[in-house]
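Each of the next two complexes has chain A plus one other chain: chain B in the first, chain C in the second.
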Partner chain A sequence: MHNYFDRINNVTSFFVTITFLIILTLMSSTIVFPKDLDEEPILYSNTNMTKKIATFTVVYFDLEADFEALFNWNVKQLFIYVFAEFQKSNGVHVNMMIWDRILRRGSTDNWVNLKNVPAKYYLNDLKYLCSSNLTLSVHWISIPTAGVFYPYNHKESRITFPLPNDKTCSA
Partner chain B sequence: MSLLKSLGAESLFGDVSRMDKRQFFYQVLSFGMIVSSALMIWKGLMVVTGSESPIVVVLSGSMEPAFHRGDLLFLTNYPDEPVRVGEIVVFKVEGRDIPIVHRVIKLHEKSDGSVKFLTKGDNNSVDDRGLYAPGQLWLTKKDIVGRARGFLPYVGMITILMNEYPNFKFAILGILAIYVLLHRE
Partner chain C sequence: MFNIQTHMDFEGQNRAEKISRAIITFFGFAGLIWGAIIQQFSQTIYILAAGFVLALLITIPPYPLYRRKPLNWQKSKNQNSEGGESSKKNKQK
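What follows is the complex of A and B.
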């Protein structure tokens, strides 16, 4: 009964069992850790910081937040993003990312401090954006080293301001 | 011959020569049992998760540093769950065999509730419109295979190896099949 096939088989199944036990321990050991920031991130932008360039609207914004508190040994990276919502005049509700950054565990720079930076992704469909309100908020999603993705759980800071009107709107 | 001996082949074929007809049918049945329970687990997962492919292997580096080639993703695809911006989804594009794992960056919702969205890989500098079918600008819910819910690194490398070296796959499957059929419980 004790030939090499049996031995390989036993070693493999032992390895798989132990791996899954380790992953289970890893996942359950981080349940007590915070999934939310200590302080609400500071996000600021206003109508004057929002510029129309050619056929796009570029939102400039300030963001200050310390994401270090969200890291533990089962958080490989955080994907943080500024989320914009607005209603177009044709009735379409738009949700989009305007800026994102990947923070990694072990990095010394998990404190985000941005002043008047332009968004990475622009708002288009300019002719539908007149007299719309823009709502910005900060969100994040964590990716584990192994295990389940934690559900969305945020202390989000939310600001709303009207998009600028210009001569293209009155036409 | 000494090599075969050291591999345990003697006791293996010894098992066969000692088998009678009933024993042999029993072996065939237990082989069928293994195949059908694997199929049952896969189909059962499909029912529980609502996804046509509940486990996928990441094949490209377009989501680095979140996912690398060979990582395993567990998906769910419940119809009443809304698609959200920031979420990682797996979708299929017409004319491409392999599903793509990317993040939703923009979502349009019409007043009648219909939703269309745009995706981008974290490691790509542009959105996915170049990857979609010609003329396709948006994805809709029917394109989705699932949303990423769980993650296991490296394990998918086995699948990648098997797909890249089909001979290796046949060798492994062959050895396993012969072992199950010939080995006495």
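What follows is the complex of A and C.
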């Protein structure tokens, strides 16, 4: 602390220590006070909304949820996605992401309201898709300012319906 | 050429260190609380950075505040040959 350099060094090192402690507090605040949606997201789809186009099966669905409630000071953006689960006729269990969206903090359209929207990614294994049940579910991951990627699975909504059968199935 | 003093006395160094730590801790704590209230972590970092700059401004320059108790050095003895002899004599006594 005798000369300028020593004093600057001392103050800066203490500043860095405090910064580290503050970021540690921020990280632990996410774990201690986890946030959840106020209401369960409303996900709807049915057999008639699912269309077979050539070799693809396109799932159309409705989704309504207010994700604004999930944003706190440690959430930079949210990654929301819809999973499709089904059992192939050869016995393989498939868990596939069919739709996703990135929600940013401060954006005005964090209230997701989709009506009869086609999935971004298609189910394209036509041969094994016949006469199986499809289960859709909504999930989300928060991308934090500091800390670990925190997967939320508290209020998830699920819907199960049979996939349509058509003449390609009997063939 | 320029006789600019950069040092603090021992009491002043102690005081400067205490003040700088108090300022940064206080601003960090206040920033944490304010950031938690308005849920904006960037505000926490800005407040902490303001505290850092304030601590630098207050405790880096050697203000008279930090130089109130200078050490009373013994007066220098003459370094010529006579003085040397006299000190030897003093030791022998």
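As a working rule, the second predicted complex is superposed on the first by the 147 of 171 C-alpha atoms of A that agree within 3 Å, B and C clash if a C-alpha of one lies under 4 Å from a C-alpha of the other, contacts with A are read in each partner's own complex, and residues count from 1 in each chain.
One rule holds for everything that comes next: a residue touches a chain if its C-beta (ideal position, glycine included) is under 8 Å from a C-beta of that chain, and two chains touch if they have at least 3 such contacts.
Quantities reported herein were computed from a predicted structural model and do not represent experimental measurements.
**Q** Who touches more of chain A, chain B or chain C?
**A** Between chain B and chain C, the winner on chain A residue contacts is B.
**Q** Thinking of the overlay built on chain A, is A:I102 touched by chain B (first), by chain C (second), by both, or by neither?
**A** first
**Q** So, does A:F83 touch the first partner chain B, the second partner chain C, both, or neither?
**A** First partner only, chain B.
**Q** With both complexes overlaid on chain A, does A:Y4 touch chain B (first), chain C (second), both or neither?
**A** both
**Q** Give one of first, second, both or neither to describe whether A:W73 is in contact with chain B, with chain C, with both, or with none.
**A** In the superposed model, A:W73 contacts chain C only, not chain B.
**Q** Considering only the touch criterion stated at the top, classify A:T145 as touching first (chain B), second (chain C), both, or neither.
**A** A:T145: touches chain B and chain C.
**Q** Have a look at where A:L24 lands relative to chain B and chain C in the superposition and call it first, second, both or neither.
**A** A:L24 sits against neither chain B nor chain C.
**Q** Looking at the overlay, what does A:V92 touch: chain B (first), chain C (second), both, or neither?
**A** It touches chain B, and chain C stays clear.
**Q** Taking the stated contact definition, name every residue in chain A that is touched by chain B in one complex and by chain C in the other, in rising order.
**A** Shared contact residues on chain A (touching chain B in one complex, chain C in the other): 1-4, 145-146.
**Q** So in the complex, which bits of chain A are touching chain B?
**A** Within the complex, chain A contacts chain B at residues 1-6, 23, 76-77, 79, 81, 83, 91-97, 102, 104, 121, 139, 141, 143-149, 152.
**Q** Which residues of chain A touch chain C in their complex?
**A** So the residues of chain A touching chain C come out as 1-4, 7-8, 10-12, 14-15, 18-19, 21-22, 25-26, 29, 71-74, 145-146.
**Q** For the complex, give me every residue of chain C touching chain A.
**A** Checking each residue of chain C against chain A gives 6-8, 13-14, 16-17, 20-21, 24-25, 28, 31-32, 35-36, 39-41, 44-45, 48, 51-52, 55-56, 59-60.
**Q** Would you pull the chain B residues touching chain A in the complex into a rising list?
**A** Checking each residue of chain B against chain A gives 6-9, 11-12, 65-67, 84-88, 103, 105-111, 122, 148-153, 179, 183.
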